[in-house]
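One chain, chain A, links the two complexes that follow: it is found with chain B in the first and with chain C in the second.
So, the complex of A and B:
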């Protein structure tokens, strides 16, 4: 067993990044994720692993520093919260277009605009339906515990480099600010220049050698025919993710007549609601998407025949519900429940909403 | 065993650190724990509260409406959280600064003179450890030795010289909770 610590979700991301052998972190402070940068500054990882930690002058600078470091095959991380992530969007689109790996964490707060500093899940559309311009998909992991905040740093980089794509860790103020027990992995060494050359020489801009063509990192190609071909290549990657990278968790679904679908913090709350419902003899289960793109469409469709109704539970006005509806193709009634703007629904509120919607009391 | 606790008072009273030490104590005996603060722009002087759950099982929601125990350290928190104690649950409070005492008939109510005892011990900062001691006397969910281990984990090493003082404060708290009968507070 690794080292056990009591940590905030934000601190867990920071410590996991050091232990993952991340080369660089660029960011700009914003509540409720500032502990990531604070922890890294206090920990001084340049002394532990040589990792660079830099507070950029703005979010625009931070995401473009990520773009630059990713272009040379380095493991690079950035974190922010909703308004800051909005400022990242141009850069994320460029990084996706240029096919570069990086991990971005959004510790979501209530919006729109500057909104509040309290937890929210209202950035679902921005994350999985675009955000930036152009036909790209953002691989999205949704942690529901401090342990997953740490684990998804490693998993995020694994996927980012496997597909040469930006990966989003979509959490919120609740998972970022809460403390839980977390088991930390052993320190991985940072990649050496030789290792980067061996693994990424085909694309990284690490210096041309006589035996190959020049590597060019760009998202610009004015020849539409070539740009269409490039888009086909990107789409093939996204289809491969949909086929191979779906992750989810089932809870009490074997005999379930009703289902809640919830991710991240809402999944934790829904789990308690389900325990309360089960105590009253109501057979309800939970499907927790761990990847939001790719969305667990098939597992959801497979469960549909046994269900009388699905409640999509989110800290938003109803965003993920659209993907739930697409997955079940109108074969079962799907409704939404959620508080938003920084308010958090309690397990009892979720249960009451469920009963009023489906049981009729 | 699952114990769901709210600790509520003023910022600066050590509410969050009391919760952190309790959570670390749970980890020391291989339990699952969660610590969920109310976070906001206030640092000191505003109200602060933290939900701590210690359990033998995986913890679902870290945010709750109802609690097995409420540890209440100011009037605003009494107004807000007295009604959130589950029937049969525990309300532990410091009467210092409380002008409306708890009135529930269906829960156990104890007081601990934390502020007064801390002043008598000559260090008001150990107030939270006295209150924690009283709680652990009433609900020994974590072993005393694990609280000391939790303390060592949760405070920086440069303050470890203060552990004997904290230990004394915990013991002082354990000796002093006073049960209050309904209607006679």
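So, the complex of A and C:
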């Protein structure tokens, strides 16, 4: 068993990054995720593992520092919150286009605009529908506990390097700020320069040695025929993720007549609502998507025949509901419930909304 | 004497550096970009550091620098090359890292990245091509467009009241404690090319000695954007750009050069 600690979600990401052997973190302060940079600066990981930590002058700079470090085969992490993530979008599109690995966490707050510093899940569209320009998909992990904030750092890098793609950890102000018990992994050594050379010399711009052609990291192809081919290659990667990387969790679905679909902090709340409903004899279950892209379409479609209704519970005006509807193809009624703009629904509010929608009380 | 007798190693006065690829340059005939590329590649070859050098191409006419420079290259988003260079240099300090940027890239959209990389004293080299215009997008006004200069977005000449002042970003970064060597040169004749090359050599030497950031501005032409034939463009540059952007060292060994 690893070391047990009581930590905030934001601190857990930071500590997990050091232990994962991450090479660099670049970021810019923004509530509710500033603890990541603060924790790293206090912890001085350059002394523990040699990890580089730098406070950038802006999110524009931070995401492009990430692009640079990723281009030389290093494990690089950045975190921000909604307005900052909006500034990341050009960079994320470049990273996806140039096929670079990195992990980005968004500790989402309410919007639009400067919005609020309270938790929200209103960045779903921006994250999974392509917030930046061009045809790309962002592999997205949605943690619903402090433990998963830590665990998804390792999982994120595994996926990022397997597919050479940016990975988003889509968290929110509640998961980032709340404290829970977390089991931390053993310290992994950082990759040595020789190891990086061995693993990534095919593509990384780590210096052209006489034995190979020069490596170029770019997303530009002025010849549209080549650009189309490149896009096909990216699409093939996204299809492979859809086939092989879907992750989700089911609660009380065996006998369920109704289903809630919720991720992240909303899934925690929905779980409690389901317990309240079950106590009243209502057979409700929960599907918690862990990957938002790729979305657990098939498990949802498989459950559909036994269902009378689905409630998509999100801290937004209804975004994920679109993917839920696509998955069930109009075979069952799908409705949305959620507070937003930084407000958080209670388990009772969710249950009441559910009953009013589907039971008719 | 027969030609064959002359072609001997000891008679060699000039050869093309193998660090330039065989690809035909995409630049307009007479454009300074090609010469500036060659100078940087020659310096890297002469220092023997090509295996450990990473170049950052900007957005601008030199976006395709990686087609011509035979080293590992990264293409950066518009203006962000100094941030990309920071990400590389910080995680791999033994590598030589340089950015190659136009004036729109470095002094307009990328001003913050330029100033902060310089101010942090990132141990990188910045090659800054100032042609007073946006070449790539068809000749719009740049932050460095001088007063009265006509571009497609200042068709009656740059009006300072309306469009603001041209930016001397090189003088500005020279004020910052993180810059160790700041100089302005040009590539319009052989003497200027030699001076520029010496400055670029010095810049990479400073990076090798980890003394801080070296920033070399190359005042250059854009015959297509300026709508002048190459020779006239160079004349125009000497007569009009040099008075506002005077060539010479601006900061040496971390000290501002005193102008008498």
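To be clear about the criterion, the second predicted complex is superposed on the first by the 361 of 361 C-alpha atoms of A that agree within 3 Å, B and C clash if a C-alpha of one lies under 4 Å from a C-alpha of the other, contacts with A are read in each partner's own complex, and residues count from 1 in each chain.
Here is the rule we go by: contacts are C-beta pairs under 8 Å (C-beta built on N, C-alpha and C of every residue); 3 or more make two chains touch, one makes a residue touch a chain.
As the structure is a prediction and not an experimental result, all values here were calculated from the model.
S.K.: Between chain B (first) and chain C (second), which, if any, makes contact with A:186: first, second, both or neither?
M.R.: A:186: touches no partner chain.
S.K.: Touch check for A:223: first (chain B), second (chain C), both, or neither?
M.R.: After superposing on A, A:223 lies clear of both chain B and chain C.
S.K.: Looking at A:61, would you say it contacts chain B, chain C, both, or neither? Reply first, second, both or neither.
M.R.: Second partner only, chain C.
S.K.: Contacts for A:26 in the overlay, against chain B (first) and chain C (second): which applies, first, second, both or neither?
M.R.: After superposing on A, A:26 lies in contact with chain C but is clear of chain B.
S.K.: With both complexes overlaid on chain A, does A:173 touch chain B (first), chain C (second), both or neither?
M.R.: first
S.K.: See if chain A has more residues touched by chain B or by chain C, and give me that chain.
M.R.: C
S.K.: Touching A:255 in the superposition: chain B (first), chain C (second), both, neither?
M.R.: neither
S.K.: Chain C touches which residues of chain A in the complex?
M.R.: 23-24, 26, 52, 54, 56-58, 60-62, 64-72, 74, 76, 90-91, 94, 98, 193, 205-210, 214-220, 222
S.K.: Can you list the chain A residues touching chain B in their complex?
M.R.: 4, 6, 32, 117, 173-174, 177-181, 268-269, 271-273, 275, 344, 346-349
S.K.: Quick one: in the complex, what on chain B touches chain A?
M.R.: 20, 23-24, 27, 32-37, 39-41, 59-66, 153-154
S.K.: In the complex, go through chain C and note every residue touching chain A.
M.R.: By the definition above, chain C touches chain A via 50-54, 56-57, 63-64, 66, 70-77, 80, 83-88, 90-92, 95, 112-113, 116.
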